[in-house]
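Following: one structure in structure tokens, then a few remarks.
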Amino acid sequence: MEDETTGGGWDLLMATIGQVAEWVSAVSALDGDVVEVSSIEAAGPRSVVFAVDGETLGKALRSAAGVILAGRRLESVGSADERVIWVEDARYSFAVVAEKLRGRWFEAGVDASAVVADGVSMGEGTGVGPGAVIERGVVIGRDCWVGARVVVQAGTVIGDRVVVQAGAVLGSTGFGYARNGRTGEYRLFPQQGRLVIEDDVEIGANTTIDRGALGETRIGRGTKIDNLVHIAHNCVIGKNVILAAQTGISGSSVVEDGAILGGQVGIGEHATVGEGVILGGGAGVLSGKKMRGAGEVFWGRPARPLKEYLRDLARLRRGRVF
Amino acid sequence: MEDETTGGGWDLLMATIGQVAEWVSAVSALDGDVVEVSSIEAAGPRSVVFAVDGETLGKALRSAAGVILAGRRLESVGSADERVIWVEDARYSFAVVAEKLRGRWFEAGVDASAVVADGVSMGEGTGVGPGAVIERGVVIGRDCWVGARVVVQAGTVIGDRVVVQAGAVLGSTGFGYARNGRTGEYRLFPQQGRLVIEDDVEIGANTTIDRGALGETRIGRGTKIDNLVHIAHNCVIGKNVILAAQTGISGSSVVEDGAILGGQVGIGEHATVGEGVILGGGAGVLSGKKMRGAGEVFWGRPARPLKEYLRDLARLRRGRVF
Amino acid sequence: MEDETTGGGWDLLMATIGQVAEWVSAVSALDGDVVEVSSIEAAGPRSVVFAVDGETLGKALRSAAGVILAGRRLESVGSADERVIWVEDARYSFAVVAEKLRGRWFEAGVDASAVVADGVSMGEGTGVGPGAVIERGVVIGRDCWVGARVVVQAGTVIGDRVVVQAGAVLGSTGFGYARNGRTGEYRLFPQQGRLVIEDDVEIGANTTIDRGALGETRIGRGTKIDNLVHIAHNCVIGKNVILAAQTGISGSSVVEDGAILGGQVGIGEHATVGEGVILGGGAGVLSGKKMRGAGEVFWGRPARPLKEYLRDLARLRRGRVF
């Protein structure tokens, strides 16, 4: 394997087409090398592309791409073109190949401009970007990337292969106050808990996650969090959860495994978003509410099943009842 | 008093139970020391816990906690347990004790990696965290904490005991433009005013507050602002106001004393949120609108009294009118 | 011309009243100098103010202002006061004068605390603020300002006269994943494209803009973006677009020239906001949807023409149909 440098800022690896096929549990009779994944439009003879329907497969076949990953259900419309590798899920296989060709896209070690406090523990292969700040006692696992200007506050524990994008703040002080009934003044409720981020979590740019108040805030394994998301103290986010950009989750709420939250979703305090529940963009869940139903889609504020939401809109639109 | 170090990243102080009682204007016959506040579940003999209802009081009594702060209205269900200290508001008293035991949780002085420009004035006991940037002419009072990577732009004036969490930007250029009617191009309206932050204000991570355009933006004494909040140029936020996460307030709006804004609230330009008004999460106030009524709860977009909002939803739900 | 320093943190220039008139394509018979634009309330003899209606013109005439820019349509209510300079659009002219008097408000060159990687190209007159991070291969044009703690990631191309405010992250990894149908785990879809920012764009504090996945994300010439805005991978934002604070645009969406998006607007994936369309604060556009109509105002979630939105609200309010 050799290295090439891309405009994207990291080194791509070269691989034989045979290796590519092996990565996606397939075989290929073709010789030759590839160095990148690419869009069909930009593909050259050393590019890998993918096709999920007949139209894109047609385009891919007319392109210069060296390898075409295509969904097996397209085999009937078929092709004798040897560049095609049939796979179960072409988009997923494309992501697998991209990851392999991407190789290591960050350097291990702490950038000279980062500030790392005493008592920080960091696993092998972990990299810390320019201007990042890691406070005392933080524990970070292996092969993590802590991006530029990220702040990881004291008491945060991070697993392996976690990616934190630029500007995120992890372990900030939660927003909990006790009000003086007489003067109306607020006093900080203790925010002395910790934040635990499990393996394979990815966190977007300028996102903020508060530490627990007395207990902990926890982000489950494999969960992916977009930019500018806010997660409050004592939330428990399950495994393989998706939180799209600008979503906010109030204190002590639970989002269970496999849930998918669109952008700008708002969750009240002590609410539960059940396993596999899907919340459309901008949906709102009231404090204390429990949303249940794996694979069910909820929409609106307050969130209701998609069918109900559409019916409500239709009623308003028609201006009559039925 | 002695120091202990916690995972939370600061030193806790030790205090006698007598001192604790005194802090909450009570007395205790017990001897012994405490070092921390804690959840009931994690409490040990040197922990202080609190109970606001019969159930948590029962749990607290069965725990190993050294001191139990309990609401006086629970005295009837009572207990002869000497660990109980009866107070008016147990949660508030717990916050008072936590603050005392927390002691100074940051170091005074400017971190070596911070960038402080000429002509900056800073009061005694104020600390500036790693990577923070303080532009020229900024005035900061006593005992403030300016967190990691905070940016305080020129012309900002900050009072005493203000806490600014990591990544916040104070005094940014406001978003005001004049449009060229002929070309459709925008030209910045002058944003040369300043930002004033009064005493005891707390500001969340990655929050942004713009300077005034010609006049000033002002955040009143004791106001608490959560993460990722946006406050535009020339806003005047009163005293003891609560702004939960991801709330946005457009230019020249006023939020009066004691108002409480839930998460993801949006306020248009030149609007007024009256004294003590409560806006539920996700509520929206149109430009120019004035919301009035201390203690009244408004909900929805556009915000309306909670009762009205619920009636509107019920109508949609039933699909009939009455 | 001489320099004066303001509390705002930059040097103001002195200009003759004749020059000021010339800047706005007018003439003035007055002698004397001005040094600043100002509100009418704070105006002194060397201040320029503006008036857009009879009331503010009256106030301006009674003030000490040295120059009054007034809309030509007020000429009838008129004034013989020589301080008045009649212009087409007083607010716009005021912005023109402010920009001239402001002069250069940042220093060219890279602050010592910024981190600039290899292979970065930067045009003449461009300044990079404290703590900013510019990754390898980034191209930045002339007379740009890259504010404190901004991160510009590899593969980003920035035009001339672009202003990026503190804490913004440009070129972050997009939020695209392929799901393993069997295990439910997510794998990053390749995010190896680039971000292109054209001339005269201005970007607010702590805003995040993702690079393209395979292609590019593009922000058109003259577009102005407020604080805490999120723009996802592969979006194409046209020229002279306004995106107010906390607005979020999902992947692969298009916002055409001259569109105006209020605060907290949410746009789904693969949606189109047509040329000149106006979206009220908090409006939402569903994935795949195309909004059309230059100058038309849309409101609500999902966004509908203002008239329709108001009718829907009125129906709910009246509780009857018509």
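As written, the chains take the letters A, B and C, and residue 1 is the first residue of each chain.
By our rule, contacts are C-beta pairs under 8 Å (C-beta built on N, C-alpha and C of every residue); 3 or more make two chains touch, one makes a residue touch a chain.
On a predicted model such as this, the values are computed, not experimentally measured, just so you know.
Participant: Could you work out the angle of the rotation that brings the CA atoms of chain A onto the matching CA atoms of chain B, rounded to the nearest 5 degrees?
Facilitator: Result for this pair is 120 degrees.
Participant: More than half overlap in residue numbers between the two sides of the chain B-chain C interface, or less? Answer same or different.
Facilitator: Both copies touch with mostly different residues.
Participant: Measuring from the mean C-alpha position of chain B to the mean C-alpha position of chain C, what distance in angstrom results?
Facilitator: Computed value for the inter-centroid distance: 29 Å.
Participant: By residue number and range, which residues of chain B touch two or more other chains?
Facilitator: In chain B, 113, 131, 149, 167, 206, 228, 246, 264, 301, 316, 321 touch at least two other chains.
Participant: Which stretch or stretches of chain B touch chain C in the complex?
Facilitator: 113, 115, 131, 133, 135-137, 149, 151, 153-155, 167, 169, 172-173, 175, 177-181, 184-190, 192-194, 206, 208, 210-211, 214-215, 228, 230, 232, 246, 248, 250, 264, 266, 268, 284, 287, 301-302, 311-312, 315-316, 321-322
Participant: Flag every residue of chain A that touches chain C in the complex, lowest number first.
Facilitator: Interface residues on the chain A side: 6-10, 36-39, 41-42, 88-89, 91-92, 94-96, 98-99, 102, 111, 113, 129-131, 147-149, 163, 165-167, 200, 202, 204-206, 222, 224, 226-228, 240, 242, 244-246, 257-258, 263-264, 281-282, 300-301, 313, 316-317, 319-321.
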